Amino acid sequence: MAKFLSLHDAVAANLSDGDVVAFEGFTHLIPHAAAHEAIRQGRRELTLVRMTPDIVYDQMIGLGMAKKVVFSYVGNPGVGLLRRLRDAVENAWPVPLEIEEHSHAAMANAYEAGAAGLPMAVFRGYRGAGLADVNPNIKMVECPFTGEILAAVPSMQPDVTFIHAQKANKKGDVLVEGIVGIQKEAVLAAGRAVVTVEEIVDNFDGLHPNACVLPAWTVSAICTVPGGAHPSYTHGYYGRDNVSYLEWDDISADRERFTAWMQANVFDASPEDFAGRVTKFRNAT
Amino acid sequence: MSDATPEEMMTIAASRALRPDDVCFVGIGAPSAACNLARLTHAPDITLIYESGTIGTAPNVLPLSIGDGELCDTAVTTVSVPEMFRYWLQGGRVSVGFLGAAQLDKFGNINTTAIGDYHNPKVRLPGGGGAPEIASSCGEIFITMKQNQRGMVNRIDFFTSFGHGDGGDAREKLGIATKGPTLLVTDLATWKPDAVTKEFTVVSLHPGVSREQVQQTCGWPVTFAENVETTPAPSALELTTLRDLHARTKAAHSGDAA
Amino acid sequence: MAKFLSLHDAVAANLSDGDVVAFEGFTHLIPHAAAHEAIRQGRRELTLVRMTPDIVYDQMIGLGMAKKVVFSYVGNPGVGLLRRLRDAVENAWPVPLEIEEHSHAAMANAYEAGAAGLPMAVFRGYRGAGLADVNPNIKMVECPFTGEILAAVPSMQPDVTFIHAQKANKKGDVLVEGIVGIQKEAVLAAGRAVVTVEEIVDNFDGLHPNACVLPAWTVSAICTVPGGAHPSYTHGYYGRDNVSYLEWDDISADRERFTAWMQANVFDASPEDFAGRVTKFRNAT
Amino acid sequence: MSDATPEEMMTIAASRALRPDDVCFVGIGAPSAACNLARLTHAPDITLIYESGTIGTAPNVLPLSIGDGELCDTAVTTVSVPEMFRYWLQGGRVSVGFLGAAQLDKFGNINTTAIGDYHNPKVRLPGGGGAPEIASSCGEIFITMKQNQRGMVNRIDFFTSFGHGDGGDAREKLGIATKGPTLLVTDLATWKPDAVTKEFTVVSLHPGVSREQVQQTCGWPVTFAENVETTPAPSALELTTLRDLHARTKAAHSGDAA
């Protein structure tokens, strides 16, 4: 049952060294504030899971918090490569990084199977694709009706999932809308789930009956963090800070500049700083 | 209009290949520009799908990412990512998948994963994302990329997505029922696979481009079709529409919130 | 691409003798008008597919239109048994009826796999259940990662699916809302799909972005049939006619009474009659 | 209050077994009445799920079907049927599954499929619906039914859903990790499975019911617990709430639209 906690307390209670953790969001609703809190709390030896690791995983990897990353696309969306991740993979800086790589279809199916309580996901995929040769977690199963060979991957069931969402009501039900991505599956597949929201409202009266709502009893903790997705965006609240994504390409190109940026913008900052970062994007939605 | 840049010519030539009733799975960059140009010119009812879950989207500016808010705001519907990959892509509902490439070989196999050895890469690229299954589930695949010797290579370092393998009936042998790459549009030429060998063959040179230029920027010995045509130059409408689109996009992404 | 047709023409163009056909609806939005049109057109040798065959399948089976029914629950919901279906199964009246029986989980997964273009659905099910012994279309597959034995059924891909929905817009996009059931999957899994709607509207402006919308290019034909779900209901338009469900128990108990009812209410009626049948339920939603 | 009918006593006894934080998968009929009575009395925050996709529903009247409009109107959210069976039931999120039975044996195995031979049935019943997977995926199973010799039988004709099989560790042997039937509430008594044999054992007789009555209406030799208690009589609140619920339901379903 969802508890209303400060972000500090929610992260402290739900994320431990060595956890398999997903900070999910598919361009939209990326839980930057939660990840920054995990950085401040100094978590280590994490297995970071996400379909589309972007700059917030680049930050965590650049700080050496991860021993492994599981992903299907590692890039700064629309900008280019992830330079801290490259430095870790190519040069083991600051620490070596193990990678487990899938296709989007495989990761999406793996979360879906995780939410569905299954040990594996079955789909038509990886035909002729090189990943099947380098990732031992890609196997094949035969359809007992047609003989067709289909791909199988283990289901994805993180220890804990963090997401950002539009709002919660006072009972702790959570609303996600717009590009809903993989968030519902990532929450339902996980052992624990922490949600940062833009605001708490009295109730969801008048909401469309088929909107994506996570009932309070599927969520461990809810934290109000306005702007908590920045520089990602929150549909209905504020637009994407594309300039910050473009700037990250320069910041992350240099180890010292990266370190200084993290000190100023994460270690010396707090969850309350996110609200101010999105002010000028509030008319953009 | 003859003042189009090679990249503009590439985008315009690619956009022309899209049919009004296509359902198109769109990647970011040149594919996105080509698809939206088609929508804004000859194919107003084309269905554009981005893997973030937005179906039938009609953005006013090009998205920076595949999940920009405008894609959702203008979509017919926005579904979850598992549904996107299960019902829409794997379900066989996409007629054209549009891919870019870091490395491409003459059979349309693509590498966007790593340069060098996978386990000890010289350059770690972003990886495949949706590409492995886009390449096998879409009715056919269009590829766009700028030509250069590092990109168009004799042998790619990693098979991110499967094109025609080593040519011929390689797809059928793997049990893949879709057509695979049927079109390659570069900044210099338009290529189609040979009916039998499946090797990409130049069928049309963009205006002012020579065969030598195509060969000099390609890492494999280029085959030219029997009758190589000249790609029609961009029309005023095509070029104006594309430039307006890019201008709107630049204004929206570089400044404060639009 | 959706064509706007009369119900007569849509059924004539899309349903043939011998088809595997699903008239889907999970209590809500059952396409009664479309099924009655199929009855009037005298289709034969149908394989009727539905998770919850209720009175409209009882009617079609009672008329001998089906050679087989595939289902997971055959009952008059909340009332009792289906008496025409029982007569067919127990006494072969008016013709013998083959049955293929699944659980709800299996049927739901089979439609889902059909929509997903897969040859089979995999799920955790049928453990200790007798259906696995009497239905050869239930098999087992082994998870290559854990060794767990999971159930598999062939995917469900009807030749044609009929559904009823709230509305279409002028482009032919279709909105389904409320208890959406299995309709999206049944449409996407089918070779052809016919949708009856309460009304056509100009556009779907202001609709929730994640509402269940079937784009026009996924639908074969759209027919405006106000009240077309009666005695089932249409969320936002009219309530369920529970009395008709209760009365069916009597009507269907007797072969002659059944035949007379079908003559008066189906053969001598038209799609336009449905609007009047729901008038008094229009305040109930 | 002592004027409760046996069926009212059954519903009230069943409702008491539900805990305030349960997530309950509800069947139609007595289970639905018991679950909603619990919600209207001691368990206001209980989560009721109907297989039509309605999660956290709070109907003012009992639905006639599992997909009545009021279930959606009052739900926290309404999901598709595949999602219901995959994420919510199979996903292990339901603590209690509530089932009725046409035939029941002493190990909680249930038949709602056919009387007689499956392929040539004497009576073709509606079948299992969600029951086969409800029985294996829910944390535990509560069963309610009115006692009679035709229903409570030594051997059921068909295993629609699996209870404790032939007793003991039958579930573990089949790889089923959930508890299975942990409670049977009839119109005469409350039963729980023996810790070892898993045979349903009478732990409580409803007020005024004798052991003989229980045995006469049951097709297997009844085992009674060492200490058989008397079920507390319905409280005024319980009985009034249940009767009001039934009265509202009858008015809504028998007349014109409410």
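Should a chain be cited, it is by its letter among A, B, C and D, assigned in written order, with residues numbered from 1 in that chain.
The definition used in the following text is that a residue touches a chain if its C-beta (ideal position, glycine included) is under 8 Å from a C-beta of that chain, and two chains touch if they have at least 3 such contacts.
Quantities reported herein were computed from a predicted structural model and do not represent experimental measurements.
Counting only chains that touch, the fewest steps needed to get from chain B to chain D is 2.
Look at where the CA atoms of chain A average out and do the same for chain D: the two points lie 40 Å apart. Annotation: 28 Å between the Cα-based centres of chain C and chain D. Those residues of chain B in touch with two or more other chains are numbered 72, 78-79, 86, 90, 137.
Multi-chain contact residues of chain C, defined as those touching 2 or more other chains: 112, 116-118, 123-124, 148, 178, 180, 184-185, 209-212, 235.
All chain pairs that touch, listed by label, are A-B, A-C, A-D, B-C, C-D.
Considering their complex, residues 28-29, 51-54, 63-69, 71-72, 78-82, 84-86, 89-90, 113, 118-119, 121-133, 135-137, 158-162, 165, 170-171, 174-176, 252-258 of chain B touch chain A. Those residues of chain B that touch chain C in the complex are listed here as 21, 23, 47, 55-56, 72-73, 75-79, 86-87, 90-93, 137. Chain A contributes residues 1, 112, 115-118, 173, 184-185, 188, 204, 209-213, 215, 217-218 to its touches with chain D in the complex. For chain C in complex with chain A, the touching residues are 116-120, 122-124, 137, 139-146, 148, 150, 152, 154, 177-178, 180, 208-212, 235. Every residue of chain A that touches chain B in the complex is listed here, in rising order: 26-28, 51-52, 71-75, 77-79, 81-82, 85-86, 89-90, 101, 103-105, 108-109, 111-112, 123-131, 134, 148-149, 178-182, 184-185, 212, 233, 235, 238-240, 242-243, 245-246, 280-285.
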